[in-house]
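We just call them A, B, C and D in the order they show up, numbering each chain from 1.
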Amino acid sequence: MAKRNIVVTESEETWIEDRRVEIVERKGIGHPDSLCDGIAERISVEYTRWCMENLGAPLHHNFDKVQLVAGDTDVDYGFGQLLSPIRIQIAGRGTSTAPDGRKVPMDAIAIDATKAHIRETMKYLDPDKHCVIDCYAGHGSSELMHAVHEITANDTSFGVAHWPHSGLEHAVYETCQYINYDLLNQFPIGEDVKVMGARMNGEIILTCAIPFISTQIKDAKEYIEIKGAVSQAVQTYADKLDKRPVAVHVNTADADGTRNVFLTLTGTSAECGDDGSVGRGNRVTGVIAPFRSASLEAAAGKNPISHVGKLYNVLGLLAAKDIVESIPTVREAQVYILSQIGHPLDQPLVATASIQTRNGKMTEQVKSDVEAVLDRHLSDMIGLRDKLKKMEVTLY
Amino acid sequence: MAKRNIVVTESEETWIEDRRVEIVERKGIGHPDSLCDGIAERISVEYTRWCMENLGAPLHHNFDKVQLVAGDTDVDYGFGQLLSPIRIQIAGRGTSTAPDGRKVPMDAIAIDATKAHIRETMKYLDPDKHCVIDCYAGHGSSELMHAVHEITANDTSFGVAHWPHSGLEHAVYETCQYINYDLLNQFPIGEDVKVMGARMNGEIILTCAIPFISTQIKDAKEYIEIKGAVSQAVQTYADKLDKRPVAVHVNTADADGTRNVFLTLTGTSAECGDDGSVGRGNRVTGVIAPFRSASLEAAAGKNPISHVGKLYNVLGLLAAKDIVESIPTVREAQVYILSQIGHPLDQPLVATASIQTRNGKMTEQVKSDVEAVLDRHLSDMIGLRDKLKKMEVTLY
Amino acid sequence: MAKRNIVVTESEETWIEDRRVEIVERKGIGHPDSLCDGIAERISVEYTRWCMENLGAPLHHNFDKVQLVAGDTDVDYGFGQLLSPIRIQIAGRGTSTAPDGRKVPMDAIAIDATKAHIRETMKYLDPDKHCVIDCYAGHGSSELMHAVHEITANDTSFGVAHWPHSGLEHAVYETCQYINYDLLNQFPIGEDVKVMGARMNGEIILTCAIPFISTQIKDAKEYIEIKGAVSQAVQTYADKLDKRPVAVHVNTADADGTRNVFLTLTGTSAECGDDGSVGRGNRVTGVIAPFRSASLEAAAGKNPISHVGKLYNVLGLLAAKDIVESIPTVREAQVYILSQIGHPLDQPLVATASIQTRNGKMTEQVKSDVEAVLDRHLSDMIGLRDKLKKMEVTLY
Amino acid sequence: MAKRNIVVTESEETWIEDRRVEIVERKGIGHPDSLCDGIAERISVEYTRWCMENLGAPLHHNFDKVQLVAGDTDVDYGFGQLLSPIRIQIAGRGTSTAPDGRKVPMDAIAIDATKAHIRETMKYLDPDKHCVIDCYAGHGSSELMHAVHEITANDTSFGVAHWPHSGLEHAVYETCQYINYDLLNQFPIGEDVKVMGARMNGEIILTCAIPFISTQIKDAKEYIEIKGAVSQAVQTYADKLDKRPVAVHVNTADADGTRNVFLTLTGTSAECGDDGSVGRGNRVTGVIAPFRSASLEAAAGKNPISHVGKLYNVLGLLAAKDIVESIPTVREAQVYILSQIGHPLDQPLVATASIQTRNGKMTEQVKSDVEAVLDRHLSDMIGLRDKLKKMEVTLY
């Protein structure tokens, strides 16, 4: 096994917390783009599961294209009806005939996986009742079909991730998760949450968009009351996330007292007006952080065997986490990995870890420790694939 | 007019040219993702043109979702036939009835604009012969319909751009354009070019994927010859772009001598196996540069009146260019603009210019000059819209 | 009220039972064409019901175009899996905005009605699991939107029906119904039954196609056994239907002992290979009888207010039944009704009853009695519409 | 070769001309249903042509399902614009991989054939500009794939046709063809013509619907003038077709002087409001004649090798024509042919010719002559297929 080309350096950038301004966004699990990411990934997972169980081996695929065309609804206080369903157009490539001639129920798997994701993610959105889901996926080119059997990079591409979250990233991410997984059980709200965070002048501002369930709110007065309670709950929660002052704003575009507030039937704006697409939302770090290096590759939906755009982004994140957790002097790590098409996945062209040490001093010991962590991650592509197959890693 | 909140600072980052490693990618104009970007933008332009000419005012819209589902072809040396067409699924929102009740031919405009873009971009791909183009766009929510009449931000969002290109970005961008606009006229090649650039150890490596037109290449021997000539031309061109050594590789995945080389009927892999989507390709700078700050918002297809995700990204680029060109001591500028939903577009929450000066010293004069340029750009949203309407700015 | 133009004549044709050869066919309720008819009609019924309940009046519509694109399955003895779903493409015209501006959830009604029909008709076919159902219906032209408020004919068209069933028609119809509604509960068979009947040389031959449920039949031997039992049951049942000898053949295209027998996962060939369409199956008499006069208009899916193609065919059948049941000397009646576009529905251009009397003699009394029955039916268009709205009349 | 089971009888029915009332309809070549028939058949022809040229043999297929979903237009005197295109959804079954593994461009053939048919049939409707054409055709079940190689009936089915046209059928058919092929060149009218004929009390009434081209008629006055001229031309033509008095009515639903007249942009109501489907229009005799025996099978689009629903209907018509033309004493022939699934096509279960002799007397000589003609037709299935492949027979 050739020695891997790993470069470890002290970060050349100002630490994120020392920068004057920072902007971070997270799209909640019910945002149309997040839904598409989740669906794409679930299709990949279920397709792979089917292949493993029935064929004993995975087949090449790439389901990283899913388009959600918004439906149409008629909502008002105490009322909501679906006029036209959400259309979910699954694209991508897969193999519908195994090498031994067996039929692979690709379309059926894709559609069922889409429904499973929606059912397990959304409280009010019903995939059978509110959605029309169809699969337009085609067959991969014969060239691409071979690649999956080898463990080589399918493309010249790269992955990038950092860890830990900055204070603002933490505030944005945790607040969004809190709304999605905790507040949702307390109030008549949906999953299509968006938290936009800004840090300026030592303060954090969190602007939250939160959909309310129209049928459970009887009038404008009640809406204002519930929104007030929701805002208070978010404020209380967010206050504990950071030592800096945090200001929370909820649904700032509302015209309170009128119907022009954020009311939905199903908890997502996908029902009326907002389309979605894979790879347009959160990065593997769970946030969109424009001041950070990021890959534009969509991790979701790609095959977990050979696709660099998926594997290296996730590997970067896991390695960065491991570096920070296992090496006390490191306060932040950013990992870049560049593939060479056709070369073994565990032999990237170069893997770079850019390290923020707590004291600003990079020692040979730290370098060596970081390199060892990164090398260990690169040497275990099998383990990484397994994590992906088991959905143990979130990608958005 | 309130004073704008503009912050000008010396950059906190190491200059891109001083970093050890850099990775940059450009997807050519015929790449499935670039095609989707181009189509989305052209729809927005033509829809706006129709509204201006027929209604005297623009209408709200958002055509930033276009999904390309790859077709299927059968190609070989000297041969190529379409088996199944490329499906282009236009989504997004628009207004199909003007406030005065007049019908707006939204679907027809969208489909015609798609064809126009393909015809003007692609030499071998025929939108009527090789594509099925349908429009699934719906009607915007009534709430969103109002926003376009005011000049306020439609969302809490941000734009980011830098100028100039780094040496590597320059090499990648210009090489890709050279292949797309110059070599295309000399050799039987298509527009679905991808140039992946890496800079390490003082060297630049350009890995180019270039589709060849199957019907114009009679056998494997001729393919090798022509690919050799193309590689040589690219090498010669790229050598002049940078003082550092440049290594050019073309179609590294080819199995020369076999059919497993990059042959296409139409000049794009969209014909067989590669899907596309808006916002998954190049940023407004023309490249994908993971070491740079970037917005994940798709600029293409969004309405040019109120959509921050479009306007602020483009404004950032134009302002950065203007700063660098008009202030000699600035060698690089990065501009960030953060909107406030519901506030006037020319009054962002904050606009930040992060400046690399040639001598590393930020003076009050430079600050003042930069601020003036940025202020001027922010004050001319009308001019910016006009540029977008006339397609004078490239977005990808 | 003007006197109606009703003509009653002794039939000019040889009585059907006196003809040498007769051919009759019935497509069972799970045949792809019957499914489309049933879906189209159910959409019309549910759309009308919604309008009555919410708007107090019906709206114009015409949902008589539904196309079923067959899916793909992989079946074998003891095994069955869906590879690709059945696509049901609903077309037609309706009104999605009521005159008072209220939104009519046309797409949602159409899709839900389709599922309701499948659920209530099919034992093994699950609309959510096996089908992708989408609605492409558009808006009626403004011209057509008016007609529904008046009680005038929407077209120059005609309706035709006869009663009673001939002996062969009776045998075909009842046998098909017996398999669909009785045998289905005793054997692992599906609803996509087709019975082709021929009468020649004083004998009746019934050729039946009956789908078997693959997952419930473990091997070729069991298939042969069950098919034998099914054939025997059909033979026993059919023997009682007619005094003439009846020969029953089931699944004559089977290659017994191999996999090439009529196995299905869902009980209909729509799952794999057989498409369906409205108006291509049984006439309102429940059979396809090429020796009889018939209208080619599809009754299913048309609006029950003004559409001649629906109303006059059903009215013809009900009037013929009433004539035969109430006038003892009549052994067969055939009713033809021709509309005049724009004229009141109860004032057709001409309504003709062609009568077979038992003794071959048409008297003035019989003429007068028949005319009275026909006149009564024509005078009660409201009652006819109610029957249609309540689904008290079968149309196929 | 076994003797064929051919039965020749004197007709048991009153001659059509002796009946009191007769109704006949023809849908012109631009009617949405006729367009679907024409498209379906052209796909079958082109698919077969491709297979013959490239594989040397035909492949099984069945393209007899095509659904046209109406578009939307905005028309007025002197004005017309497409708002939303006509969607043509091709379904059916074919083979996309030849037995030797070669790819058959089924989707591309189907789409191209659709465009070719529209281009060659319609003067104003442009398939690229006004239509979105997509192919949803799947693969035939393996069982059905075999049948085409043998010359056996694919189904238990029947064909029926008569010749000659009655006087009314003649008037309806020729008038419709005259408008479609002659008047079209003289006036600004389109192909979506419908002629409904009724014969009562010794008179013929022809009610014609004729679309006018909106962009070529400047106002209501001109419309009335042109419609008057068109009506006059039709009247003059129709007067010569029959000795009985003929009354011609054109566009009786028009509200003259308003916009509510039959104006179209493209010459067919498919552009706005009227959907179409295969098999819902004219029979192989070119008319819809409810008083005649007819098959409900759609002849268009079915494979010309083994599909009884196509072959026997056409054979019936050609044989009836031949009988009438070659045997002077025969004034009308009706031919019925019933297949046996799995048996040779040229050995139907029974072929019946029901003959109207001029003098009402069936002789052994006539029987023998008729039988000989029918036998000759049945013995030349190859010739029949060739006629269909060359589009020498019209099917609707």
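The rule is simple: a contact is a pair of C-beta atoms (placed from the backbone, for glycine too) under 8 Å apart; a residue touches a chain by one contact, two chains touch by 3 or more.
This is a predicted model, so every value here is computed, not measured.
Under the touch definition stated at the top, subunit A and subunit C share no contacting partner at all. Farthest chain from subunit D (centres taken as the mean of C-alpha atoms): A.
Computed centre separation for the pair subunit A/subunit B is 23 angstrom, with centres defined by C-alpha atoms.
Taking the mean of the C-alpha atoms as each chain's centre, subunit A and subunit D sit 56 Å apart.
Residue positions of subunit B touching 2 or more other chains, listed in rising order: 72, 84, 87.
Chain contacts here close into one cycle, and each chain has exactly two touching partners. Annotation, chain-chain contacts: A-B, A-C, B-D, C-D (touch as defined at the top).
Residues 7, 9, 12-14, 18-21, 23, 25, 65, 67-72, 84, 87, 89, 91-93, 136-144, 156-158, 160, 196, 198, 200, 207, 252-253, 260, 269, 272-273, 275-281, 288, 290-296, 298, 336, 338, 341-342, 349-350, 352 of subunit B are the ones that touch subunit A when the two sit in their complex.
Note for the complex: subunit C touches subunit A at residues 72, 74, 81-85, 87, 96, 103-108, 111, 128, 132-135.
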